[in-house]
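Here subunit A shows up in two complexes: once beside subunit B, once beside subunit C.
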Partner chain A sequence: MPWSKIVGGSSRLGELLEELATGLEQGLLPAGIFNDPEIFEREKEKIFSRSWIFLAHTSEIPSPGDYVLRYILDNAFIVVRGEDGQVRAFLDMCRHRGMRVCRAEAGNASHFRCPFHGWTYRNDGALVGVPAEREAFGEGFSKADWSLLPIPKLEEFDGLLFGNLSPEAPSLKEWLGDASWYLELVTKRSHAGLEVLGPPQRFVVNTDWKLALETFISDSYHTLMTHRSLIELGIAPRDAKYAMYGEQIHIPGKGHGTMVVGGPPGAKLPPFWGYPEEMMERAKTSYPTRTHWEVAKETRIFLITLFPNFSLHNPIRKPDHLYPKPVPMLTFRVWHPLGPGRIEVVSWGLVEKDAPEWFKEKALHSYMRFFGSSGTFEQDDTEIWSHVARNAGSTLGRRVLFNYQMGRGVAPDPNWPGPGVAYPINFTDENLRNFYRRYLELMLD
Partner chain B sequence: MNLTQEILDFLYGEAELLDEGRYREWLDLLTEDILYRVPVRLTRERLPQGGHSGISEQMFHLDEDRTSLEMRVARLETGFAWAEDPPSRLRHFVTNVRIGEPRHTPLGEEVEVRSYVLVFRSRWDQPDFTFLSAERHDTLRKQNGSWKLAKRLVILDHSTLPTHNLSFFL
Partner chain C sequence: MTLSNEFTTVIVEKIRTRNGERLRITSPRLGYSIDLDPLELEALTWQTVDTFSRLLHTPYGPEEEGVDVHPLSDLVLFGGGDA
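Right, the complex of A and B next:
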């Protein structure tokens, strides 16, 4: 397969993609794809410039004028709710000579005024003020031609706002495909929907975006070693195989994957992630189908990764090593690529709007103590990811093949009630092989 | 000994424990009702009245009580806390210390202390290092003749952390 011909020019890029193409079905991936300048350049063009990228949750901007500043690659977008209540996103770049018009990461504004020459835009993007307009630009000038540039595509799924840099992109609904069924297990858990628990934490990790998301789409296998410290403290179960008991499901052709984990047999965990019983009861009427509720009732750990770089993690947790009852937490993630071997993690904590107040507080603590910038689980992940990336960028290391062979030969579960292709054991790399199939498809396109 | 010297001794002594990884001894410096918080910082427009802006009241990098701090320290002792094993080389530079008027409270004598802290972090054999810089707003309380930390608010100067985790204390 002459992939090197298809991608042309550079033999280094061609070699890596060719190795990926020939090795993928055997579960062999070249380390070099995880920290390479040419791979990163091609990912920018082939993946991030035409995929749906998570920007914000609508609860971050509940009122007219509320805005947050978010990035896709190196492009800054103002995601803002207009006076008409509609959410829009604009490139934060003045149409005159390119200055940033938004002066903060979040806030409320009816207008954005450029500090360079004073062009002023309404929060629906319209240019409404040009100093000395007539004297400077004369009669032929029309402000209507110089609105802020809207993001090529912006769509919402149950409060989750995604943007796309390509005007030709398929709809978000089509992009998500059957993954939306699983997303609904979280977004439709209550009639009221989700709310963010404050602004996201942001921190930089010297790793590759794909290495970070692997943990959130597959690789429950790492839990027993990476997170052994929490096992020692009695926060995670002692059973080395505890993360194995669950279904791993992927959406073929889309690259998305999810893990629905019930917990070890006989573990006596509370149903429905351990959410308060009233929430479990209410979910009976908020879920679109009875099957959603039945799956949710047996779920204790739940993860989704939407291709390419959005993840969601929703586990049952003990809030500390002494607390008697587990409390679930929910986090959203963007693995924002900054460069080869370097990402920014943008990490939100969320909870159902109509959850009891005591529970919201516990869920927030559960999130902050286990995931995010100081999370006792996640800090060990980030440490490990950074060393893997460092090796993957080394001259010899980049040629080494990684093993993605776990679970080869396991047959899909014919009895799984949800959509997608489900495997009856979570110790498999099937979701990752599916993810990289999609990745390769786009990279070679 | 005068108050200023007592407070400086406390802060420098604390920095020594943190830099040497003597976390059990560090826990002994904290009151039972310790509240230790590092809020998320955002870039916001200047406040009309001046002063700090963009300090989240809801989301924190760390929002800890005695139990959760003990959990974090216990974790470091398991032998499997990879984020700090091998430990980071840390150096807490504490400066610009300002000490308020001591006051009597039902819980004992308390004093507000502000300081700047610059934390140097170096990991493994990498020549690159990271710095965290912050202002600390502390409440110290005198118990059985010695000062303890009852409250700490760490106001970071970063909106995006330049380091891969907060696996240590500020």
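Right, the complex of A and C next:
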């Protein structure tokens, strides 16, 4: 094919977005959007400054004074449970001259004291101590005017805490829309809810946040090749196309997408992800509808990605080649953008609070083996993502158009019992075309 | 004799049958193996790269034609209503 046929125009911001707009419905995306300083600047302003971003799970801060530091773009927030039990989030920036008042990533504190001049804040944000207050600032000084700055918006969905930099943002509920039905497949699997298995792992990858999340919203096709060694080891199902046998569902207008994968034909995989039978039975009363339970019963691999950068992956896995039974694992992850072609992955392992102890341990092993900084799947993926991003940022490569045409023309599945638009086969780019429609809408806004 | 590159590994060995010899080529990772007699081997000598391009169409060996892909919705009972 002649070079002129496969490349777009110039790669200036406007032209990249123009190319995206013209090519999207045909499944053609310019590589340049995956590693470009101007695109990144616009994403900061148009996407990350007004989207709901996952900050923490409430089980990370169960007691008064528990806090974790979390980030949206380059803003650090102290997410802290006050002495009154309420969860809040504050910009980690002293109101006096801007020093960080919290310098550990996690801890427990009733107060945060600034190391610069000693202003001291209670964990509900109130400024309570100013050294030499009267001598230095006089009688009229009002500490009430100088509290820590709260995050513009903070909301919770079943233990998942999301923050938003825009005070005008729609509610989290509205933002999630029908995606919450699918989130509940995980958050309401037990009455007790989820708990984190330790602090999140964090590691930097030279890639774009969109390339990372593509894997978790749509691209099951890559397991064929990227994770081939795990298939050869018998850790992933023997049928290399195992991730094809499922439904891919997107939430129109919102950008969210989910994949509900069953078992390959003939594969003997236990129902309900392989969670212990008692958990499967208990779920009958914790799920909001019987349909949730019926879907969950047939599910072996489940993923959801919430626009823009939160993903959840809940697959059945064999913990290793020695352990005889498959054990599911659950991970949450945030694709935290650091710069063009550069992200920090924040990855949590989670399990139901009321799961049996032996199972929690196995689920943790399963998570660590496959995901997180030393996980086999993660290593396979990150290696590949970094090369794609590098090509996408190269002088010639950035002008090449990528193929997002998988599954075009396949009709939605009219029998799918959940909300959203479902496709009857998981080898499709439908969720991605939906994601980039939303992306484009915000980028051009 | 083992031959490896960044894509795969194959083992090539001469095997003896009761009455003659064959060349066995094994792919230990995928579990495929073939025993070629001299005539088959000779036929290989007049193949072009195209033959092998055709053979390499699928990365895991031959694929079953027309696998039945049922949507997951076929398996989900539609109970509806409250749990």
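The rule is short, and it goes like this: the second predicted complex is superposed on the first by the 434 of 445 C-alpha atoms of A that agree within 3 Å, B and C clash if a C-alpha of one lies under 4 Å from a C-alpha of the other, contacts with A are read in each partner's own complex, and residues count from 1 in each chain.
In this text, contacts are C-beta pairs under 8 Å (C-beta built on N, C-alpha and C of every residue); 3 or more make two chains touch, one makes a residue touch a chain.
Just so it is clear, the structure is predicted and the values come from calculations on it, not from any experiment.
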item	value
Subunit A as common anchor, with subunit B and subunit C clashing or fitting	fit
Touched subunit A residues, subunit B compared with subunit C	B
Which superposed partner A:Leu401 touches (first subunit B, second subunit C, both, neither)	neither
Contacts of A:His365 with subunit B and subunit C, given as first, second, both or neither	first
Partner chain(s) touched by A:Lys284 [first = subunit B, second = subunit C, both, neither]	second
Subunit B versus subunit C as contact partner of A:Ser373, first or second or both or neither	first
Partner chain in contact with A:Leu197 - subunit B first, subunit C second, else both or neither	first
Which of subunit B and subunit C A:Glu232 touches, first, second, both or neither	both
Closest Cα approach, subunit C to subunit B, once both complexes are overlaid on chain A (Å)	5
Subunit B/subunit C common contact set on subunit A	228, 232
Complex contacts: residues of subunit C adjacent to subunit A	29-30, 59-60, 67-83
Subunit B - residues contacting subunit A, complex	38, 40, 42-45, 54, 56-64, 67-68, 70-72, 74-75, 78-83, 159-167
Complex contacts: residues of subunit A adjacent to subunit C	224-225, 228, 232, 240-241, 244-247, 260-262, 265, 284-295, 297-299, 413, 415-417, 422, 424-425
Of all residues in subunit A, those that touch subunit B in their complex	103-107, 197-207, 226, 228-233, 320-323, 344, 349, 364-365, 368-369, 372-376, 378-380, 382-384, 386
